[in-house]
Structures are given as C-alpha cells and as structure tokens.
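Two complexes are shown next, each including subunit A; its partner changes from subunit B in the first to subunit C in the second.
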Partner chain A sequence: MSIVNIELCAGTACHLMGTEQLLNSLENLQKRWGKRLHVQLTHCLGGCGQGPTARVNGQLYYKLTAEQLENTVNELLELERGAL
Partner chain B sequence: MSTTLSEVVKIKRQLYTAVARLAWAGKLEEEIDSIPDQILTNNEINYRCCEHKERAILKEKIRVILGLPADQVSKHDPLHSLAATALKRADTKHACALEMIAVACDRCPIDRYMITDACRNCGAHYCKNSCPKNAITIVNNRPYIDRNRCIECGRCASSCLFNAIVEITRPCEQACAVSAIKPDKEGIAQINPDKCVGCGACVNACPFGSIGDYTQIVPTINMLKQADYPVYALIAPSFVGQFGPKVDAGAVIAGLQQMGFHRVTEVAQGAETVAALEAAEYVERRQGGAALMTTSCCPAFVAMIKKHYPDQQHYISHTPSPMIQLAAAIKAQEPNARLVFIGPCIAKKQEAAAHPTIDAVLTFEEIACMLVAKGLNLAAVTSQLEPNDAGPLGRGFAKSGGVAEALLAHLSPDIAKPKVYQANGLQAAVAACDQLRAGQLVADFIEGMACEGGCIAGPGTLINPRVAEKLLDRFCAAADISKQATGN
Partner chain C sequence: MRLAAEVGIAKLSKHQEELCGDATSVVKTQNGTTVVLSDGLGSGVKANILSTLTTHIAAGLLRRNVAIEHVISAIANTLPICQTRGIAYSTLAILQIGNDGQAKLLEYDSPEAILFRDDQPIRLQREEHLINGQKVKQATFRVQKGDVILMVSDGVIHAGVGGLFDLGLGQEGLLEYFRQPCSSSETCEQLADRVINLTAACYLSRPGDDCTAIVTRIRPPQRVTVFTGPPLNPEDDKEAVRTLLAETNSFLAVCGGTTAQIVSRITGRELRTSTEYVDPRVPPVGEIRGIDLTTEGILTLNLCRQLLQGAAEGEELPRRRDGATLLAKQLWNAEEVKFIVGRAQNKAHANLEQLVHLAPRTYVVDRIAKVLAKRNVQVEVVYY
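== the complex of A and B ==
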C-alpha cells in the first residue's frame, strides 16, 4: 500500500495565507487514511507570496485551499484502492 | 479571528505586506500607485460590479493602512500623494482606530424586514395595520413592504402571529454589541464614534472587508530604520503560537530583534505588577465601603463603561493597564526609547492615543506582514532564547478568567474571597452593566474582556483561539514563578 507524503509549509508568508486551515483538513484526512498519510511541516518550500504552499508526493501546489488539498489526497489514495 | 480564512482577509494581508515592502525599501511614494494592480493580477477579485470599483476599494484600503482618515484627505488624491502625506505626519496614533470604508461598503441590500413563505395570508392583516407609515399593502394576497416608506421599526414583525416576518440585520450591525453601526440614508453603514468602543468585532464580521483599522506599519518601519534611538517591542502574552506551528516564543523574539527591535519585552511583566496593584486597590476600596470593582486592562471594556454606562465608571479600577505599566517601567530605565506594543488588539490603538509613552500599536497580523515584507521567515529562525519576563499569572491575563485568577492569588487569605463575575465578551459585559444598573448583579469583582475568550481571540490574531488557549496554558505552566510581583 502506497503512502502519500505531504510537506506543508509553515513559513510566515504561508501561515498568513492559511497554513492552519490546511493543517486542520490534514487532521481530518489522517482520521480517514491513518498511516497512509505522512504529514511533515517545513519552514519554506520557496513559494512565498503564492501561499499557502504544500508538496504532495513531490509535486508543489501553490495557493492551495483546504478543499483542493482534500481532493488531491483522496484522489491519490482512492485511485490506488480502486486499482487493487 | 474565525477559523476559516476568507479571501478578503488574504487580500488585506497582501496589502499590508505590499505597503510594508515599499516602506522597508524606502520606495513608498515612488511605487505605491502600482499596488492595486499587483493585487488584482495576483487574485481573482470579482465581488463587485467591475475592476474599476475593485481598484477604488483597494486604493481606499491602502489609505487606511497608511493611517489616513477619509475626512483628512481628498478622495481624489492619488496614492503617491497620500503616501507623502502619511510620511509627513508627526502624530500617527488614532483616538478612533476604525473606519467604515464608504466605497467598500456593499450597502448590504438587506431589507431589514422580509415577508417569508410562512405568511398564511390571514384576514386580520396585523402587519398592515400595525405599520405606522402605511408601508405595507396587500398584493396578490400577500403583504408587500414598500421599501421607500419602511422605517424598519419592526412593528409588523412583532404583530404577526405566525412569525412570518423576519428581521435580517447587516453582519456589521449584528457584530456590534454597543449598537454603534447604523446605515445612513444611502444605506452605507456608519460607525458612530461616540458609541464605538474600538473592539474591532465588525472588522472580521464584514464579509466584504469594508471596515478597516488604521495601522502604524509605515511609521514603525521608519522608526526601525533609524539609529537615533532604540525601539522596544512590548509583546502581549497572547503572542504564543500566533506565528504558526513551527515558531516558538524564542523565535518570535529573535525574529523581532532581527527586524530591528532593540529589545522585546513581555507585556505579561506589566501584568504581574497590575495584578499586585489591583489586588491592593481592591482591598482598599472594600475597606472604604465600595460595592465592587471592575478590571481596567481591556480598553474596549473600559471604553464601553465610560461611553455607555457613565454612572458606573467609578467602579473601574484606577490601575493602569499592563501595556501602560510596562511602558512606564521601560521609560524610567531608558527615557530615549520608542515603544511599540504588539498584540491582538485594535482597541489598544485607541488606548495608546491617550498615552504619550506608547509610540505605536501593531497587531500580530500587521507585524507578521512586516516580517514577510522584510524577507524574514520566523519558521526558519533558530533561537535558544526563552522569554522569561513574567510569571504564570501575568501571562494568564491573555485569556478570560486569567485576570481574576491573578487578583485572587494576590489577596491575602484573611480577606473574604470576592465573588467574581466574568464578563466574557462585550455582549456579556453590556448585559452585566444592565444588570448592575437594575441592581440585579451580585458581584464584588467584575473581570471584563471585550473579546469572547479573552485577548487570544482578539481581532488581530492569526490562529484559532482554541489552539491559542492550549498553547497559552503551556506557556503559563513553563513560566518562572519567581517573576511574580509581590504586593507593594
């Protein structure tokens, strides 16, 4: 079973644009997916000014909303479940 | 601050950052005219009729960020001349920190009274008959309110036996516990400065972000850029956790020093002194036969009593607020220093206007934008610093219940334990004053806080108050008990 790795930027610029909201939705996602979701806070992903920023399985997302993040994660993990 | 972050808040923060960036670079006058375009390119803003209106609103919001009230400048002034005016101002504080930005007010086309489908089309027509202005006619078997005649008195709504007429209020009006906001003839909301206590609840309540609070971002940056005098930061106890999950208290202090502050001191230190003084004052007042005493640390609560219940203002403690207390202590040591209060509070901006010891007041939101504008990222600051200016009682001032707890801790055991009433939030405080007036409130000591939950829920905060409370409790537990003030 694969794992989704999420690095969430907690730098000041991203924090001002809503890192906390993304963190809240990640907590909900973790309730659903448990250990298949790997969340790490980082101090900068280089997207200052376009935050909030997160890296999901290596791909960077800018101006991310909680809804987009949830959809992205759910799609990645559901896809795999469907394939199995 | 609510738990969701709306687009209007994000735009406000982008504006703060853009203005601060130019102020740091010393290019405010040269480049300020380009900010509205930058924001419009960076965001999809389409709440209004057209881009021109959005641009006009952004311009007005920048004027407020520059700290210029609408009635002191011409509305035709371009941004660069507004910037020039702002840079020339000697006094940058505001006795009234809030402004309803007229062009941004959407004149919420909310007709206050609305007939709903619950209307049974009865034969009595109590609604029509109760209307003093003959504004209600029956059209197609349904009452119809003529908006040109309606004076929004509400008699129709209370007369309807089916509750079929609902009252809908504008979000700003609803948020205001002291009824300071009313629409003018054109439907534009107006803040009555004689009634407004500066709590700032309306700022986050307006879904269009049309209420602004004047900032001292530019004058503070200019203070930090010079070397003639040291600039001190006085940081309110609610600061823990405000700058994100990777930023501890030490990193905040180190970051502010990197930004140019000579020293950063916890306002909780001033709160320690306040707790001791207030306890002594309480004992003295009781011995003198006084019925009760209220706290004095929340400026919106104090303003509410002074403006709306002047007959009760003798109950307010004469002890200065922690901010003023600490400012006096620092000034005594270093008379040359300039002092900047950093906190969650808009009302503090108004309090500072009456106190020459405080040079500027910034919210956590404003200071965070100034840090970003300077290229400082607190999450990347490593620091071994551990703030150690205050004990647990002083730090506890930031949450509802904390001030009362500190006072009780300072009372000697032979004093009868006072009955404490916690007025948690401005609405509760207004209710308490009403009860007091009616002689129905039994209390020896009233702790008044205009923000529900205390300062950690203030309008200038950056995180969920519930998270902030947990972090504050931890911060209090880690405090050095020996920093507690002793009664004097």
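== the complex of A and C ==
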C-alpha cells in the first residue's frame, strides 16, 4: 500500500497566499484515505512568488487551489487502486 | 549575584461583569522590579476606574524612582474614603524587588502577600503605620534565587463564601492548594492561572468578586538571543550561526524560514514544522534541536512588535502559544536581549510587505528594541 506524502509550504509568502486553507481542505481527504495520506507543513520550498506551494510525492505544485490538490491526491491514490 | 524577577498575572472578573475591578502594573527600572496591585471598591466600571487610576499613579511615580513609602502615602492621602463603609475607594499593595535582593512590601487594605522559600510559606514581619488614619503594613526583607511571592486580591481569599465554604477559601485554604511553587517547573503565569482556576472553582464559576493573583519568582537575569534574516553575504552564514550558538546561557530564538534553514544546514540538525495553526495571522512554529523557539520571520516579528507595544501600554499578553506570542513573552520577561539580524531580503517578500503593510525586518527589530529599551532591558543589535 503506497502513501501520498504532501508537504505544504509554511513560508511567509505561501502562508499569505493560503496554506492554512489548503491544510483545512485536506481534512475530508484524510477521512477518506486515512493513513495513506501523510500531510505535513514544511519550511520554504522556494516558490515564494507562486504560492501556495506544495510538494506531493516529491513533485512541486505552484499556485495550488484546494480543488487541484484534492484532484491530484485522488488521482494518485485511485490510479493505484485501479491498478490493483 | 544580580537578581531579577519574573512576574505572572491572572485575573477573573465578577460574575456578569465585563471589566475587572482589580488593576495591576509591573514597573521595571534599572534598580529592580516593582509590582503594583490595586482593588477598586465594588465591581464593574467604577471599581475598574478607581483601581486603574490608583495603579497608574503608583506606576508613574515609581518610574520616576519615587520611594514606595512616598508613593503609598501620596495615594493614601488623596484616595477618597467611602462615606457608607468608611474605607478607601481602592486598596493598594506594592512589592519592590531590588537587583541586589533587597525587597520591600507595602500593603494598604490588601490581603497579606505570602513569601515561599524552598516551597515553605514564610511569615514576613510587618510593621504598621497610620497614614491618613488608615493602616499601612510594611515589610522589609531579603529575597534569594528560587523564592516565590504570591499576591492576591480579596476576591481570592473570600472565594466560595456562603456557598462552598462558610468563610471562604481563606489564606489557609489557599496555602493548602498552592503547594510546591518553588520547585514547580511551571511559569509564573501558569502558577497564577492555577490560583485563579481554584478561585473560579470555589465560586462554582460564578465569582462573587473580582479576583487577581500575581506570582513573582526570583531568578537570575534572563538573556534572550534572536537570530533573524539571512546575512547579506552568504559567506557570513556560518559566523552568524556561530554567534547565536555561542550564547550558551541564553534563550535562543530563530525567526525566519530561510534563517532556520541556515541554522539547520550549518548545524546538521533537522528542521521540522508543526501543523498546528494557533493564530491564523502567523505560520506555525518549527523545531530545531538546541533552539528554544523557531518561528517564521516577518509576519511573526510584526505581530510580536504589536503585542509588545500593547503590553507597554498596559495590555496583557495573550495566553496563546503561537510563535509571535511565545517570542513576545520571552522578550517581555528578559533583562538582556541580543538580536542577530541578517539584512538580505527575499525579493518575493518585498511586494507582499507592501501589499499587507508589513514593516521590513530591520525596521521592526529596531521598533522592538526601542520598546524593550524603554522597559530598561539591555538590548544589543548585531547586523550581518
């Protein structure tokens, strides 16, 4: 069983652009996927002008909305479920 | 050995009153710390005005180094007396702790303060004087490191009267509960909260009077070192971190995402970030082994400045545990502060600073330093 690892940037610029809202939006996803979704806040990811920034399984996403993040996570986990 | 005092205050207003009729003030001068507690007669707005006025007059005189005997006699001579009850419209207690360990306590109609040494209450010898027909109790004594002094307003002593207890909590009941304050690892604020929580419980959460607890702990002077901002020249990163870590007898704070990454890179210690948003105005705190507080930079410093400015104007620092409040509390309670300020600017932040009206790092550090200097804190700022 693989895990999706989300690192949300908690740097100044990303915070102002909505990191907390992204974090709150992950609550439902966490209920759905449980331990398969690992969420953490991290130091600046270097996308200060293009926040909020997140790193999902090592790949950086810029100007991220809650909807985009949800779709990305669902795609990654459903893709794997479909492959089983 | 030079001594200093840490002070923690907790208050509770009378049931259904918005304003507390007790007022407090802490005055730090070059010679020591003075704590003032006043309880206005009655409750609500009238009591609040009376006690605030009394405390402000006392604090104003103390800041001008007027001797506390003169302060208390000036106030006792001018305070109006209630015609019905024949008592002053406000009580007053002043505790003065000198840097040399010499302490003085004056009480005008207030419950007796209690000194704890090695967790045991010590009876202070008091002399009584008559000022304007009113009794003023005075005690002169020496304090030592680890001593704790508890001052309360009469709302605490009378907690639960006619309800939970026939005669209220009383000083003995308070002593029964307020155990081991000297060996406790709790802060003075937490100890004061403990007294007020007990008081609220005795009143069954419907306080019959305004209640205040002030806990003062004697400790060596506290030093706080804050590293914020990446150095202008990256070659100075190592030197800035070395300067920070050389402060072995100091509370260490790192403020700034890039700054924290510099510390993490040079020390080889992992930087972790909490996922708890305590206050949405500032990002969560981080963690680096060996660093006491790791926070975001510019938003945290700006909020910290606001909080310190408010505290200087008599507002209480919040009980929250966000980065800005934690930093403000450390700075507010410190005797010596050193800022290690890197002057490199994140260009992406420059636009944001203008958009949300944030003061730049060097400016905000300068403002914080000025607020602290007014409080007689020794402040040193080093730039990289």
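Observations on the model:
Note that the second predicted complex is superposed on the first by the 84 of 84 C-alpha atoms of A that agree within 3 Å, B and C clash if a C-alpha of one lies under 4 Å from a C-alpha of the other, contacts with A are read in each partner's own complex, and residues count from 1 in each chain.
Heads up, the rule we're going with is that a residue touches a chain if its C-beta (ideal position, glycine included) is under 8 Å from a C-beta of that chain, and two chains touch if they have at least 3 such contacts.
Not measured: the values here are computed from a predicted model.
When the two complexes are overlaid on their common chain A, residue A:Val39 makes contact with subunit C while staying clear of subunit B. Look at A:His15: by the touch rule set out above, it reaches both subunit B and subunit C. The intersection of subunit A residues touching subunit B with those touching subunit C, taken from the two complexes, comprises 10-13, 15-16, 19-20, 23, 41, 43-44, 48. Contact residues on subunit A toward subunit C in their complex (touch as defined above): 10-13, 15-16, 19-20, 23, 39-44, 48-49. Partner subunit B is touched in their complex by these residues of subunit A: 10-13, 15-21, 23-24, 41, 43-44, 48.
Partner subunit A is touched in their complex by these residues of subunit C: 257-258, 260-261, 271, 273-275, 277, 280, 282-284, 286, 296-299, 346, 348-349, 352, 356.
Subunit B makes touch with subunit A in their complex at residues 3-5, 10, 13, 17, 243-247, 365, 368-369, 371-372, 376-380, 462-464, 467.
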